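What follows is chain A paired twice: with chain B in the first complex and chain C in the second.
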Partner chain A sequence: MNRPPTSGPPPEAPRLKSTGLPNDEPQAQLPSQNHPGVSGPPTDFMGGHPILPEDMDIRDLPSNQLYEMNQNLMAESVSTRPLIDQLTPMEVLRAEYENGSRTFVSQIDYLMNKGYRHIWRARGDGDCFYRSLAYAFVLNMLDAPQAEREIVVATALSQLQSCKPMLSQAGFEPIAYDMFYEAFEAVIQSVVSATEEYGLLTSDSLLRIFQDANNSNEIVAFLRLLTSAQIRLNPDEYAAFIIDMEPTQFCNNHVEPLGKEADHIQVSALADAMQIRVQIAYLDGHKANEVDFIDVGNKNSKEPLLLLYRPGHYDILSRKVM
Partner chain B sequence: MASISARRLKKELTEINHEGTPTGIKLLSADDFETWFFSIEVLGNTLYQGEVFKLMFRFDGHYPISSPAVQFVVDQTHQAPIHPHVYSNGHICASILGNDWSPVLSVASVCITLQSMLASCKSKERPPDNDRYVAHAPDNPKKTRFHYDVDRV
Partner chain C sequence: MDARLRRVNKEISDCKNDKTSNITIDLIGDSPFHLKGSFPGPSGTPYEGGHFEVDIAIPESYPFQPVKMKFITKVYHPNVSSASGAICLDILKDAWSPVLTLKSTLISLQSLLCSPEPNDPQDAEVAKHYTTSKKSFEDTARYWTQVYAGAGKGKGSAAGGAVGATEAPKNEVAIAGLEEVHVGKFEKLGFERGKVIDVLRRLNYRGSNVTNIHDDRIVQELLK
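And now, the complex of A and B:
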């Protein structure tokens, strides 16, 4: 689920101030900040200190133990779940809540009664929203009737292509996004035409692609840049939802780095950038016997992508079957 | 297909060879896609006038999805700059090398950011926990988890 609280600074944490510094070093080079893009000017960052155990003197710790401690700390934030797991019956999720929250169980029953019988679970590594969305996006094309698939894929590819100028307008260098763009494009293309890398896509090979860390993370990285570009280019639309920092800084710290969770603002920015419709079932324990579906993005799109939200986590919800 | 790190680093190297490195930064060696060395100095009127440092980048196969391991080289001819974020073993505590790393950053942009970090330094001192950290630090700074906090430079 969520990364442990120590893994990231709170959003309101002050940042290294390197703009607007007193100008007492006229010759020193202090390039301007907050410009994205490879080989661009430097990025803001924070300094700090290594995490040492609070209740013991580090000097008493043999170095092998210290090493082990570091390793454990690193490992605990990474689960062993596949990046996207195989189709799982809703009953499995239900069983996990049976000894816990009755409200969650009643909400799961509601979904099952409505015909939502399966989910694909995403690893809780902070990238679950982006990964789930990408998976649902390609899956939707794969599920389209044979006769419509060509047009659905062509539409997606041209939409994707039209996003490219956005990325450079937002200040990203092609070197920063080309590889990621191509990775996503190749997967989408393989829905209708066999590619060298993936052949003709099937639901099995789609799952394998998303379970492969390299393929999967390149696509996640691409969607993160797209989300960032959307916010950078339309700061006024999103600034109201960003607390205590500038939109560019928000993108630097909370959108572009992998492993940083998505809040509503990233969800709507990405849906807007891709002009897709996303429906999110909120399994949040707020209502018994009922689940709210939140509609985000392009309301005219007829086949929304379906995601399941639980506090701090996103999975993919399978289509309704009655 | 070549690993993602090889594909990306090849592009970065081409760019460095064509466009050169930023002022004060020189590529010393990039013999493979695992370890690169740069020299870095801060030009102008700063606390590090006349000092030249050596930076080592180590990449795993997932770069730029994963961050590079970046540190100052400490050997017979090189020292780590004395700076509140730089440990005497060369390890650097900077969030962009940890959980604020993103694939938008590059070898060159990391160099520039570190140069700027040195340029804006107001007092030459080691991090307060330097001795304790250095005594037990892992070889690879990426194996250390840093807590990033308010900057006190």
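And now, the complex of A and C:
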């Protein structure tokens, strides 16, 4: 693919914002001016990492040391959080908001009351949507009743196979996507039949596969290419949602490179390409005591993939249990 | 076999089998992760007839991280460092994606030679030259292509980009994109030729800029 050189957009700001740093003055809770309906500082969205041991007072530290310590801790927490973390009770997430946003806490309570008790957290590295979706996709098959599993997997594989020609039609070279496709195919295959690489898939081995950077990124890369192909091949459907650039340039700069966050357009393009139904719980602080579930993609599919959205971030929401 | 090695091996053999692209990828030593790419200068540009070589380093997490490329052959171009060969191109940085290959990236470098982006320069002096006088810039780029990339020597000797570098003598004034009459003028004042070339190059003493820069300013610089 011969891509004409462009100067490209300026590099994106780092994901961790300094607005999450404690203030020099003992004024820990800033009211939010810029986020209507959100009463905590923006990093609450990504937050949750204890900054100091409980018996230590932040105010005792000189500000430069505080700053440095925080930078290190935050950098560490991003790179040490597994790409997909083990199943985490919703209470853990709730605890992170207890000193911050009341609205978020009320929304988390709403989810818990509805029976959504756990999440799998994804690393906030810009790939969280694609990684979470892939994980939820395989998890859904693993959760299917034994009797249905064969057919569910066969359907998924044939759906995936029918997507494959899109990639070459979009102008990608097989040499660049074959390996990614095969990586995803192998994981799905292993849900019903033991493969050399993964054996027979269990929820533990699924987690391990997604925590391995290489395996995990191959799958992320595949879904990014599929998303890009869907937009490239149906530009008219998506052009209206792309501001200030051609769909092709959008794909070059915001879909294909790893680490670029997904907006609604990528979410719906991928759901359309894969013919899946994705249900996203919007934990966004816009509504107290309630969470909107947005349905994307194939509305006829009976078992939607469940994701939890917080501004700028996606995790996987576990199924309802009552 | 690890995924990176599998992919790189595939890419190398794919490139060998492709006779239409004129792109070559070769091993430099034993490692499949340190390679040398090459391509002909695009026709209709000052780089036409040249043979350009690129150093390729494949990082640990390729293809998820961008491949590292820099020109081995010296190139006179706003987006290539004239000293180090470093390249300013978005796909080598934040616009990299795993769908790009060594071959497609080398093709992008080839097309970068067709369309300089002086507003996002790697070499600020060359970029200034380009924006001041495109014609003078092109003369210099063409001269560099002859001297360093073996243009105009027939197909046989064009194989090695470095060949030109060992051949003497080069015209230092033309290399710097200056005019002999300008250099001579200050040389006559008793300044050393090399220093005159250096100062005039830095001040971008070219095209319409010549009338903007007063002789006093140049002498001042020469006396530093």
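Annotations
Here, the second predicted complex is superposed on the first by the 244 of 322 C-alpha atoms of A that agree within 3 Å, B and C clash if a C-alpha of one lies under 4 Å from a C-alpha of the other, contacts with A are read in each partner's own complex, and residues count from 1 in each chain.
In this text, contacts are C-beta pairs under 8 Å (C-beta built on N, C-alpha and C of every residue); 3 or more make two chains touch, one makes a residue touch a chain.
Just so it is clear, the structure is predicted and the values come from calculations on it, not from any experiment.
Number of chain A residues touched is higher for B, counting chain B against chain C.
In the superposed model, A:I175 lies in contact with both chain B and chain C. Of the two partner chains, chain B is the only one touched by A:E197; chain C is not.
Shared-chain residue A:D109: touches no atom of chain B or chain C. In the superposition on chain A, contact of A:A213 is made with both chain B and chain C.
Contact with both chain B and chain C is seen for A:E256 once the two complexes are overlaid on the shared chain. Within chain A, the residues touched by chain B in the first complex and by chain C in the second are 6-8, 172, 175-176, 179-180, 213-214, 217-218, 221, 224-225, 228, 252-253, 256-258.
On chain C, the positions that touch chain A within their shared complex are 2-3, 6-7, 10-11, 14, 61, 63-64, 79, 89-91, 93-101, 104, 107-108, 111-112, 115, 117, 119-120. Looking at the complex, you find that chain A touches chain B at residues 6-9, 13-18, 21, 25-31, 36-43, 45-52, 58-59, 61, 63, 66-67, 70-71, 73-74, 172, 175-176, 179-180, 197, 213-214, 217-218, 221, 224-225, 228, 252-253, 256-260.
Chain B contributes residues 1, 3-4, 7-8, 11-12, 15, 19, 23-24, 42-46, 62, 65, 84-85, 93-97, 99-106, 108-109, 112-117, 119-120, 127-129, 132-133, 135-138, 143-153 to its touches with chain A in the complex. The touching residues of chain A, counted against chain C in their complex, run 1-8, 11-12, 172-173, 175-177, 179-180, 213-214, 217-218, 221, 224-225, 228, 252-253, 256-258.
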